[in-house]
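Step one of this worksheet: look at the structure below.
We just call them A, B, C and D in the order they show up, numbering each chain from 1.
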Amino acid sequence: MLTGEQYLDSLRKLNLKVYMFGEKVENVVDHPIIRPSINSVAKTYQLTEELEHEDLMTATSSLSGKKINRFTHLHQSSEDLVKKVKMLRLLGQKTASCFQRCVGMDANNALDSVTCEMDQKLGTGYHQRFRRFMKHVQEEDLVVDGAMTDPKGDRSRRPAEQEDPDLYLRIVDRKPDGIVVRGAKLHQTGAVASREILVMPTVAMREEDRDYAVSFALPSDTEGIFYIYGRQSCDTRKIEGGDLDVGNCMYGGSEAMVIFEDVFVPNERIFMCGEHEFAGMLVERFAGYHRQSYGGCKVGVGDVLIGAAAQAAEYNGVPRASHIKDKIIEMVHLNETLYCAGIACSCQGNPTLSGTYLIDLLLANVCKLNVTRYPYEITRLAEDIAGGLMVTMPSEKDFKNEELGKYIEKYLRGVSGVPTENRMRVLRLIENLTLGTAAVGYRTESMHGAGSPQAQRVVITRQANLEEKKKLAREIAGIRGG
Amino acid sequence: MLTGEQYLDSLRKLNLKVYMFGEKVENVVDHPIIRPSINSVAKTYQLTEELEHEDLMTATSSLSGKKINRFTHLHQSSEDLVKKVKMLRLLGQKTASCFQRCVGMDANNALDSVTCEMDQKLGTGYHQRFRRFMKHVQEEDLVVDGAMTDPKGDRSRRPAEQEDPDLYLRIVDRKPDGIVVRGAKLHQTGAVASREILVMPTVAMREEDRDYAVSFALPSDTEGIFYIYGRQSCDTRKIEGGDLDVGNCMYGGSEAMVIFEDVFVPNERIFMCGEHEFAGMLVERFAGYHRQSYGGCKVGVGDVLIGAAAQAAEYNGVPRASHIKDKIIEMVHLNETLYCAGIACSCQGNPTLSGTYLIDLLLANVCKLNVTRYPYEITRLAEDIAGGLMVTMPSEKDFKNEELGKYIEKYLRGVSGVPTENRMRVLRLIENLTLGTAAVGYRTESMHGAGSPQAQRVVITRQANLEEKKKLAREIAGIRGG
Amino acid sequence: MLTGEQYLDSLRKLNLKVYMFGEKVENVVDHPIIRPSINSVAKTYQLTEELEHEDLMTATSSLSGKKINRFTHLHQSSEDLVKKVKMLRLLGQKTASCFQRCVGMDANNALDSVTCEMDQKLGTGYHQRFRRFMKHVQEEDLVVDGAMTDPKGDRSRRPAEQEDPDLYLRIVDRKPDGIVVRGAKLHQTGAVASREILVMPTVAMREEDRDYAVSFALPSDTEGIFYIYGRQSCDTRKIEGGDLDVGNCMYGGSEAMVIFEDVFVPNERIFMCGEHEFAGMLVERFAGYHRQSYGGCKVGVGDVLIGAAAQAAEYNGVPRASHIKDKIIEMVHLNETLYCAGIACSCQGNPTLSGTYLIDLLLANVCKLNVTRYPYEITRLAEDIAGGLMVTMPSEKDFKNEELGKYIEKYLRGVSGVPTENRMRVLRLIENLTLGTAAVGYRTESMHGAGSPQAQRVVITRQANLEEKKKLAREIAGIRGG
Amino acid sequence: MLTGEQYLDSLRKLNLKVYMFGEKVENVVDHPIIRPSINSVAKTYQLTEELEHEDLMTATSSLSGKKINRFTHLHQSSEDLVKKVKMLRLLGQKTASCFQRCVGMDANNALDSVTCEMDQKLGTGYHQRFRRFMKHVQEEDLVVDGAMTDPKGDRSRRPAEQEDPDLYLRIVDRKPDGIVVRGAKLHQTGAVASREILVMPTVAMREEDRDYAVSFALPSDTEGIFYIYGRQSCDTRKIEGGDLDVGNCMYGGSEAMVIFEDVFVPNERIFMCGEHEFAGMLVERFAGYHRQSYGGCKVGVGDVLIGAAAQAAEYNGVPRASHIKDKIIEMVHLNETLYCAGIACSCQGNPTLSGTYLIDLLLANVCKLNVTRYPYEITRLAEDIAGGLMVTMPSEKDFKNEELGKYIEKYLRGVSGVPTENRMRVLRLIENLTLGTAAVGYRTESMHGAGSPQAQRVVITRQANLEEKKKLAREIAGIRGG
């Protein structure tokens, strides 16, 4: 396993082509806008070094028998699935942001079972290949970017029907030793902090979409791959020089648009190549795992937001007002309801053919559908408790200005004994989580990550077994026949 | 283990004093208003006889090593706790009502650990006694009524402060061989279908409330105990002679007011007698188990209601209208969210000192707090789908009337090919669950059973560890000190 | 104007054919199940006699210049529309039930403008005829049943496509002096308390549905018309002999299935006869007025339920607990939100061609859509405050029993100084409104009366002017072109 | 009346001391971060010049009989109150932001009636003074900043109890010709775009708080007053040089912290000076008017957000997907529910002693309480429809970069025929309203402006007349006595 430092070193050695604000970023690791998101990923390494977190942060590899970072693990039991959720909650608590490493973990686990079942059905040999890739990931303790979301163009058309055929990533050439692919993947969380990009199709496919049914992994700095960094709300506060207005100056999340400009993929790195009938299964399983993830990570971030709101109430002198307490209880209740679904879909997991455990798909989708709702309400309640000052406060530069600072110090003080700066800091943190860079992760990603709410509703319908429920009702009602 | 028939026979042998509509009920078991609730309890015996349900319905006794009905089991693992929830969901699905046997199970499990810890702390000898009682319960396969809720009089006053000292059940006399108690227990679910009444205090207590800190078990037909049957919405439809208007003519739930008129309790049946400092723990644990229960039983009833709504939509010819489908998905989603919490608090259970497993208290309270909300929304959606006919339909007698019946047959028909009666039956079932006898269980009991919502909020606050959350927030915000 | 007594006398003179529980009702006015609903209607007469309510309860006829009961008025200003809403809220407060007279008022106002516009477009002569009918209604101060809802059979098929052609009421014969109609109208609120039945089509229609585009008025005891009384939750409590368990022993609502068995309609009472292109307008306007109505009547009933919950809390000794106060504020807030929409759609009303004022259709539909939601939440909160006793209390007969009564008196007492009976009465009232006969009006009718929620959503979409909103957005976003 | 240009000129002549990012702003009017908010205010002048808006935008002065900008009007009828709400909705639609001029209008109207009633009760002479001030405001067509919110320090302490006595603005010296005041006002919307600052107390007060019961008006550039500009989410995007990433490059809102450093107020500008018993009335009326305002302005902004979401759905190719349509209907429904309360509290307004009309306080508070909820849900639904691209898109600079731009153009295209830039623009507008500068107005201000939700709940309780509701319930339930 790598330490946090070793991970940072490994990133420095990469030759990533990352663009931001119209320019190429020369030093990705130390760029002030990018660095907090890399710090979040680094935290997934650092916590393995702390004894109290070892049980959650590490696992014993089913491939090598060695102790590995759990983020590279193939889940071998429902207990593993539960520990995954707890690990993610812990990291959410420690970073108050998206730490970006689950996507790869979830992609790995999904591909493991799908390649196995594909081979069994079609006689292909993907599973062995994929397991070799997984051993490499575990040994090198790699961050993997699970790359699924295509641009999709006109949403009312299927991949092969788009005017521009590249709006879903596709195979443009087939060679003896590999394939050439073209396209883009959007919203790639943690892409610029990754060592590998693991590409998957983004929807169920039909025969005519065959060239789009492709999955493979490539080092993130492979020739032809480049990144355009996504801009977040308040991103440039990180280059203003201070630390107060940022709200969370240490950690953050990041997304990028990843472009594949006719990239060559060698055969040993291809895990699906035209088997369109398995695209849907891969999407469903990856999404299932990732919907489970949100029952951990967002809960951890929620813990920080609840704590911040409770702290702000204390600084305001009203921690015991009954309406404040009620709002905090409600935040806790909603947050733990999310956690319940994360835990439940895990403990109800079952082994797949490859031995890797899969979560309960119905409950994982229920989990994520709640995640598209409750963080918004938790956010609203936090803004209620925080008060308007959160968005009307003077800037850090005003506060640090000798002349103005004393007025701010005087007039923005809450309960006596607490420095005004503390109050400002906790309000800036709430701003960060509700409106700023972290709101991108806590709100928008809660909504759309791992699929938008409608996607969860579709799976829930499919998994709900309504016929059985109707039968139960007919029996009770004394109805014979249909 | 008893069969359903043996259970009914055992009830017939009891000499219960039950009153209803101002008169003594001569034959409790066959009274048409009571019988459906006894049928629900009997189902907890009958299902043990079906092979497919054996794993959920039975367990191996930790006391005797014998196979027992799970309702008499002391949970020995978190797997046991999970199976309990699944068993309750199954019974909810089969009876579409409250089957009344959980209260005793939950009381038994709570008392098992509390008596053990009380003995350890105070040097008392209650645990052995209680275990002897439990062996009896398991061997005879008894239904136990867990009796907690006192009348409480003026809610702003504690037990010892009430104008009438009997408004909480209390010890009125202490004798060498036992005690004499007086008081009442309200809302006693399944009391008239029980063989034993297990009394517990209903709130945390102080020194001055000592006489109220009492727990014991007595056969349900003990001298001095009598029952006034609670009336439910639409209860008398069951004595009208038909089966259609009842909605669910086979199963139901029941509650009674149980009065203890200076009842003698022999020493061997006393499990707490003045140890006020353990009253709170007993309430919290019993309530915790019972709040978990609702994550199973109400979900099962919800399954039937969802099925009934889906069936009604089909009979109306609109099963594919997008707004109907959306409402059904939402019902499923809410129902499974309840289930998630039931499962999560179970799988996160831990052993107590006595070896009996306790659920995660925070998550069990989150479970119940959701139960005070979602069944109401599921109900609302079901009424939306059902349409107004549910409450404006002619009576069964009109339908059976030769002259009127043909008009009803003609004009209340939905899609062709389905008898009008089927449509009426499914609507009457929905009425039963949303407004009728079963609404008492599915709505009001969801609200107040195992404690009203405010009780859950109090426990959630206590269990939420807000100090830790504030610390997380301060760390992220870069705040040093408080 | 009639007094309440005169109204009752006029009802007694009718020769209505009403069936209930398979038998013909001999004395409709004094039947204990029916009488409370007639009392509610009678209240619309009685309140005109009270000076303080004169301004709301009466109006000056635009047809005769005489003072009339506002229920027979054609609204001549937006002030009239506002007063209508206030009158309905008042009646809701006084009856705690559906008082059944708005449907006719709303039908009258809708037909007034639609017949006028139909005549102008098609050269027909319906408006004069209808005005003659209205003068009769005003002079005789008649209760009119506005009869719209057809059975509809298979909801996926239009009127002319149903297997049984009678599932929408239709013209089966055309004669020189009139037409013969056949069919049924369901959910007819107040039908058995009405003197006239005013029939309207229930959906927009096409050319092929011409025989279904029919509107007319007939005396309620016309040959060939008969009524099957709809059964409500807890209806038979009214024939048990007491008054406590009924909850609201004075007032109620009622619905009936009205069957038209080849009924002859003379020409002067026909207001639409085949003009299918105006069926949609009539439905939309009637529904619009009726959706406005709910912003008054349900708010009045809500006032009683809020009062009952506050009273119950007081009897329990907890009126000042912060969580109780919060729930009551929330109930008030939701109730007044409904009222706001009732008032807003009224004060934004506009004159139609006939001079009669029409509400703002968008806001009236917004009003009703909220009514399909908030009464359910108000209900839930009332059940929360009431506590479980509401559904587990012994019956009135137990309470009146000499022996049992003293135990009930003792153990169901709340704060001292308040008779136990008062507490039972207020809980039975809450039961009545949330589960019993009045729940049919307060819940199910709120959902489906004046059209189910999806019907409101369809109108809202049509009225929302999304193109204009998109244009606003494009302008702000600096988008040129589409 | 001034034109937009004349207003800007008048601002340029002011000598405001405004600080931002630690520095004094030299040219307030043309500062790129400030200018959009001044543009919004200017719009309140420009729209008076458009004939179609004349009826809403102007009024006839009750003081001079001249045509004036409605923002300077004293409302003379409930029709005026309704027009105010419609004017605010219009401006919300045109600016998609807070246009900042209502606070002064609402303060003026509140002071008008309060000074009149104060004079009558106490024999003071404030009303005449205030009317002279109002004539000046109307003649010069001035923007007035209504300054209410004090810093408040420890919220659990009253003004006179704070450790630092300046945490509520107070009189520090009384002179023959005036008073000297010290303190600060926070969250001052539009302060830097105002010509006058009208100060009011922020809470009800007692005898000992007398020095805090002070109201007066001063030119905004009076000696001793200075402004620290509040920073908003994404504020600095406005100085990046482009127009796309800003989302709304033309309009915005602003807040400032206003500091009063021992400022002299001449007698003729003092409208309350120690009359503590009228502080509460002034707060309640100002807040009432301002809570009404939100039923207009936020609805207008909501119209733009709904339009943007509908436009985004169209660009994505899914405008007809049923789940998208449903979400848009829901957004419209919630938005119009807000409007209903705005209209209802206006049309139910009544004259005060001074002749100026006051809104219905209960309904105005219901209005605002809904505003603390629905914009958050509208926001959530907009984010759902927009998709994740809103927060992961490359920057404008990337898009304008020749090399990168073509990839972005290619891969971020939606339906064919629509330039990618249009899609980016509409998403940036949604980002602006949900996370960016406008979210400060649409979310946080909706929550806390005119008082936080708990303040509304307190007024609702006071205005709800629960005693009357309990009486209604007792009558229906047949309860005699209490």
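Convention: a contact is a pair of C-beta atoms (placed from the backbone, for glycine too) under 8 Å apart; a residue touches a chain by one contact, two chains touch by 3 or more.
The structure presented is a predicted model; accordingly, all values stated were derived computationally and were not measured.
Trainee: So which one's got more C-beta contacts, B-D or A-D?
Mentor: Pair with the higher count of C-beta contacts: A-D.
Trainee: Enter the angle, 0 to 180° in steps of 5, of the rotation superposing CA atoms of chain A on those of chain C.
Mentor: Angle of rotation between the two copies: 180 degrees.
Trainee: Could you please state the distance in Å, as a whole number, between where the Cα atoms of chain B are centred and where those of chain D are centred?
Mentor: That pair's centroid distance is 51 Å.
Trainee: Hey, how far is the Cα centre of chain A from the one of chain D, in Å?
Mentor: Inter-chain centre distance comes to 37 Å.
Trainee: What parts of chain C, by residue number, touch at least two of the other chains?
Mentor: Touching at least two other chains: 323, 326, 457.
Trainee: Please output the residues of chain A touching chain B within their complex, sorted ascending.
Mentor: Going through chain A, the ones touching chain B are 82, 93-96, 243-244, 247-251, 303-308, 310-311, 314, 325-326, 328-329, 332-333, 336-337, 339-341, 343-345, 347-348, 362-363, 366-367, 369-370, 418, 422, 425-426, 428-429, 457, 460-461, 464, 466, 468-474, 476-479, 481-482.
Trainee: So in the complex, which bits of chain B are touching chain C?
Mentor: 19-23, 149, 151, 153-157, 163-164, 166-167, 184, 186-187, 228-234, 236-237, 240, 245, 255-257, 259, 316-318, 321, 323, 372-373, 376-377, 379-380, 383-384, 387-395, 397-398, 400-401, 404, 407-408, 410-416, 431, 435-436, 439-440, 443-445, 447-449, 452-454, 457
Trainee: What residues on chain B touch chain D, complex-wise?
Mentor: Spelled out, the residues of chain B in touch with chain D are 322-323, 326.
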